[in-house]
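You will see two complexes here that share chain A, one where it goes with chain B and one where it goes with chain C.
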Partner chain A sequence: MDTSTAVIIILNGLFYAFSLFLISIGLNMLYGLMRILNIAHGGLYAIGAFSTWALMNAATKAGYPIYVLWLCIPAGAFVVGLIGFFLEPTLFRRLYKLREEYSLLATFGLMLVFDDVLRMIFGGSPLSANQLYNWVGVETILGNAYPMYNFVIYVFAASVALGLWAFFYRTKMGRILRGTAQDREMSTCLGVNASILYTQTFFLTIFIVGLGGAIYLPATSAYSGMGFEPIVLSFAVMIIGGLGSLKGALVAASIIGLVRAFGIALIPELELAVVFLILIITLIFRPRGLFGKKFTREEK
Partner chain B sequence: MKLYHVVALVAGLVLASLLPLILPKYYTFIFAVTMCFAIYALGYSIILGRTGLLSFGHALYLGVAAYTVAFLMRPEMGAFRIFSMELLLIIAIGTSALVGLGVGAICIRYTRIFFGLINLGFVMLWHSLLLKLYYVTGGTDGLPIYIPSLFGVTFSHEIFRTFIFYYYVLGIFAITTYIMWRIYNSPLGLALKAIRENSVRAEFVGIPIGRYRLAAYVISAIYAGIGGALWAPLNGHVSPDVSTWLTSGDVVLMNILGGMYTFTGPIVGAFIFYNLKVQIMHFTTYWSFILGISAIIFVLLFPGGVMGWVSKVMPKLVKKSYRQKA
Partner chain C sequence: MSEKASRRDFVKTAAAGIVGFGLGAGVGYGASQMMAPPPGVARTVTVTQTAAAKPPKGVPKEPIKIGIASWFTGPSTMVGEACLGGAQFAADEINKAGGILGRKIEVLKRDIGTPDVTVEAVRRYVLEDKVDLMAGDTGGSNANAIVPHIEQLKTPFFFQCSTTVKEVEELNPNPLYVFRTGEQNLAEPNVAAQIIAREFPNATKIAGINPDYVYGREAMMYSMMALNKLAPNMKSVLETWPALNATDFSSHITAVLAAKPDVVITACWGGDFVTLAKQATAYGLFKETNVVSILGAMALNSLTKDIVPPGVWMLHRDYYFMAPAPNLYPLNKWFVTEYRKRTNKYPEFDVMQVFSGIFAYKQAIERVYAATGSYPENDEICRAIQNSQVVSPAGHRVITSDGQFINALPYGKTMHHADYPIAILDPKTVGFIQPETVYNPKSLPPVLQYPLGTGMKYSDWIATW
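Showing the complex of A and B:
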């Protein structure tokens, strides 16, 4: 393998990694704060993609200029937020009190519902909206053609990561959030309104994942069942990176993305198996993940 | 066991053995498949309901057993090709127990979502191997499964699937249920309950929680193996779709639906789940929509499941009728 191919593989790996990062960071925050492993997050990612497709399709048919399509991306994420607006008081608020196993099953059920509703509305065939992708165009990198839209995604994901870091470590609310994740009882004693904080966090995470689904749409496509595969890999990212760690999510997502990209290029037979092997090996030798905190006895 | 338990059991067995004579052939087949899943769900209940560990990967053992049967029946096996169902069952139990012991030894070091996710990791590892090593496993096409012989007798295709194998599965179902009943009421079963309620205290009492959890895990793996080995010839074909985290979710739902803290719950859950699935699939493809909605409803409104609800409501009803008499 020469350098230019390696560069392309690395770029592809990062392209894949950032989608996992955008999903798993939300999972991580939800689990860290409320102890909910939200399987339906994959479904929300899919909804972000599908609603953006619907908007872009409508905008193109109505003959709007191309820059309007850029607005479809946040609008698609807004649709996801709207769904969360209905789901949060009806479903998720009840789950906060339940045991982990039960909330896991409820979100699993929700994921199945999301997938089928999307199939009912949009049908089973993949839908693509690559107007923006084509508009941004293709450039040559070290002798290989590479789509420039991917760089939009890199910049976006990097700014999400930076923004979240600033939010967590440089704002008051971020500090409150971290504190509540560490010790819920103590922070409520200090006057933190936990239920409002939960609602805010919930919306933040689903907005991020909705944006993720939306921004990936022009480069990929929306298809039924698209939420299932990334959600499993996002669990892997969450575990490998360590629960409650932003840095861990970024690093683990990059590891999995790169391993998959190189796996597809070098050993296509084992590309998926290697990812799960990494997950298992991490859990065996370092159950708290790369950047996770140590467990207390009760948590074990 | 009280007298009415025995009466109900005998009545149930007699009724179940009369079913193929009354019902259309199609339903005999469906009920045979249901019983395979009931064995699987019953085995799973010892790890979820009894020990309190949620695994999102028990379809691994279903797949291991089904593929063991498929491999042993392949023409490539030459002189070692096995068609005897009893032998296949024993070997399938052996492989799933071995895999369960190995995987379980790693998994039981964790609880809560870590336990669930490491199991998920193993089932997806197995799934991706089945999928990608297509020159051995047939890839997405899977492998065919031929009609095995029962006690040395080979039956025709139709009689096997719609009549005789039903009784075979019924027999094994009865035996496995009885064994599980004994396990539940053995010191092991009670110790597992103690571990579920409070593992720290259980450890202080002197229960070796690691070993007991492993025992429960291997038992559940064996039951899943029996279910898988029996299901494979009924289905006539195995594909990697048997073992994914989604099919592992099915068995969790069976347990929740039926009531995971009751003994009969998983069996009832498997019956409701599979028959509902078959019936709903007749008129709509949106089965998982209905499944998802019912999962949410059960978790929020009936966390005890059907049998949990029955066992809560029935005594009240009985008492009421007594009171009315008085």
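Showing the complex of A and C:
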């Protein structure tokens, strides 16, 4: 393999890694803070893509300039965030005190509902919004054509990772959130309105996953069921990186993305097996994940 | 041609097909049966339609129920929608003309999933809903699972696509209730191999980007099997296997580009092909090499010009909305126009397959009734469909003794045209592969089986080339 190909493979690996990161980070936050395993996250990722498509389509038909299409990305994510804002008090709040199996079942049902609703509204054909992808264009990197929109995703995902880190570890609200996650009763006694805090956090996590679906739309396409594959791999990211760990999600997603990209080039037959091989090795040698907190049965 | 006149023409033409070979049912195929039916045929339809106003003697009053079993959720929803669209289109047209011997058609739909779920869907259709006919594109694994149940339940099922080599050769080699209204999965790679051998005679290196499940694996395997005979110098330099419903193909494209193949073959379909094509355009795959898409056409209405560039060779299974040319074949013109009015989409091959299947079902019932004076049982209907033919938007379709609908298979190279929002096939490049060269002789009418005879496995047949 020559150097130029290796560089493109690394970039491709990061492209895939960041998509996993943007989904799994929301999952991880929800689990870390609220102990909710939200399968519906995949459906929300899809809603992010579809709502952004609808907005971009309308903006294009109305003849708006290209910068308006960029605004469609956060706007599409905001639609998803609003759904989260509505779902938290009506559904998820009832799940906090129940065992994790209940949240799995409830959110799996929600995922199916989301998928059906999207199909009812948008139909079954794949939908593409290529304007931004084409506008950013293609450049040659070491003799290989490469879509520059991917760099938009790199910058965006890195910003999300940095922003979240700063939020959790450098702001008062982040500290309150982490404290509430450790002991909700104590935080409430100290005057924290946990209900509002959870709703805000829920909005944030859902907004991020919606942003993931929205920003990846120009590079892929929106179609019914698009959230199923990423949600499975995102759980693998969570387990490998460690439940509830922001750093773990970023590192695990990068490992999976890069190993998969090189695996496809070198041993294509093992593409699907590679991710789960890493998962199995992690579970054998470090069951709590790379950056997960060690917990005992009593703690759980 | 006005809309009304076109529909009338269609009914006449379809009816012509009914009688054109009606009396010769079960006696094999001859060239005379492929000829245009005599003018007097139309009168038969008039009788049928008159009779429809007053139900003929012995005909049940209940409507005919057609159950569509396909994907109505998930990434393959477009397939289910196409099957349902074709069925509803056929039902509406038949109902407008008075139904089948006065019986109106009702179309039901039921979602499928894993093989277990699909088996349950089929059994519930027959045992609970009491359907008369089922149809749907179910995918290869599901087809393998439900085929034994269909024969046991004694209710006809019209598959669109979905049939695997295992199903055809091992699970149900002599079907009665199973019909394949779409091209067999095993035939497509053969079509692709013929195109590659013909269009790229100097190519020696081929690579594949195929979905990692039974269909994708069979597509690559049978393509190479045929190419070994048609282009012996062709060697596979890389075969990649993205997961079904993948959202990122960039690593596969980079790996394939690094292998520097002369031709790339892909059996990715639906949303997978749309994403693959979009990313392949950006990575320069279409500029660097020749691409042959086996099943990308399934997402016909999503293949916009910024996704699929000119110059991509595409197979369209057994129907492409511009082939037969609508200006030369009024039935296809009417079909495309009416379907677009209904859905604002160009009809995919699944639409034509289920549509022509239901008309074959209709003509079989009317034919048996005309001969016996009593409403036929399911086994009689199925035997009357076998060894017959049906007039369809794709042209005349021959139905073999093992229930395979056969017609010439269109393909071509993409181009952009101002009148179409999607990439279309360049009419100058559109060609048809004859079914005799892609189907195992066992699947063909007896007249076409010479000199190989029947009972031969597909792989053994290719080995004889």
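Throughout what follows, the second predicted complex is superposed on the first by the 294 of 300 C-alpha atoms of A that agree within 3 Å, B and C clash if a C-alpha of one lies under 4 Å from a C-alpha of the other, contacts with A are read in each partner's own complex, and residues count from 1 in each chain.
As a working rule, a contact is a pair of C-beta atoms (placed from the backbone, for glycine too) under 8 Å apart; a residue touches a chain by one contact, two chains touch by 3 or more.
Since the structure is predicted, the reported quantities are computational estimates derived from the model, not experimental observations.
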Which superposed partner A:37 touches (first chain B, second chain C, both, neither): first
Partner chain in contact with A:272 - chain B first, chain C second, else both or neither: both
Which of chain B and chain C A:106 touches, first, second, both or neither: first
Chain B versus chain C as contact partner of A:91, first or second or both or neither: first
Chain B versus chain C as contact partner of A:143, first or second or both or neither: neither
Touched partner set for A:115, first chain B, second chain C, both or neither: both
Partner chain in contact with A:287 - chain B first, chain C second, else both or neither: first
First (chain B), second (chain C), both or neither touched by A:228: both
Touched partner set for A:239, first chain B, second chain C, both or neither: first
Chain B/chain C common contact set on chain A: 112, 115-116, 119, 228, 268-269, 271-272
Footprint of chain B on chain A - complex, ascending: 31, 37, 91, 94, 98, 100-106, 108-117, 119-120, 228, 232, 235-236, 239, 268-273, 276-277, 279-280, 283-284, 287, 297-300
In the complex, chain C residues that touch chain A: 72-81, 212, 238-243, 245-248, 250-252, 254-255, 257-258, 270-271, 274-275, 278-279, 282-284, 287, 299, 301-302, 304, 306-307, 345
In the complex with chain A, residue positions of chain B that touch it: 48, 54, 106, 109-114, 116-118, 120-122, 124-125, 128-129, 131-133, 200, 245-246, 249, 252-253, 256, 286-289, 291-296, 299-300, 303
For the chain A and chain C complex, residues of the former touching the latter: 1-2, 5, 8-9, 12-13, 15-16, 19, 112, 115-116, 119, 123-128, 130, 133-134, 138, 144-147, 149-150, 216, 219-221, 223-226, 228-230, 260-261, 264-265, 268-269, 271-272
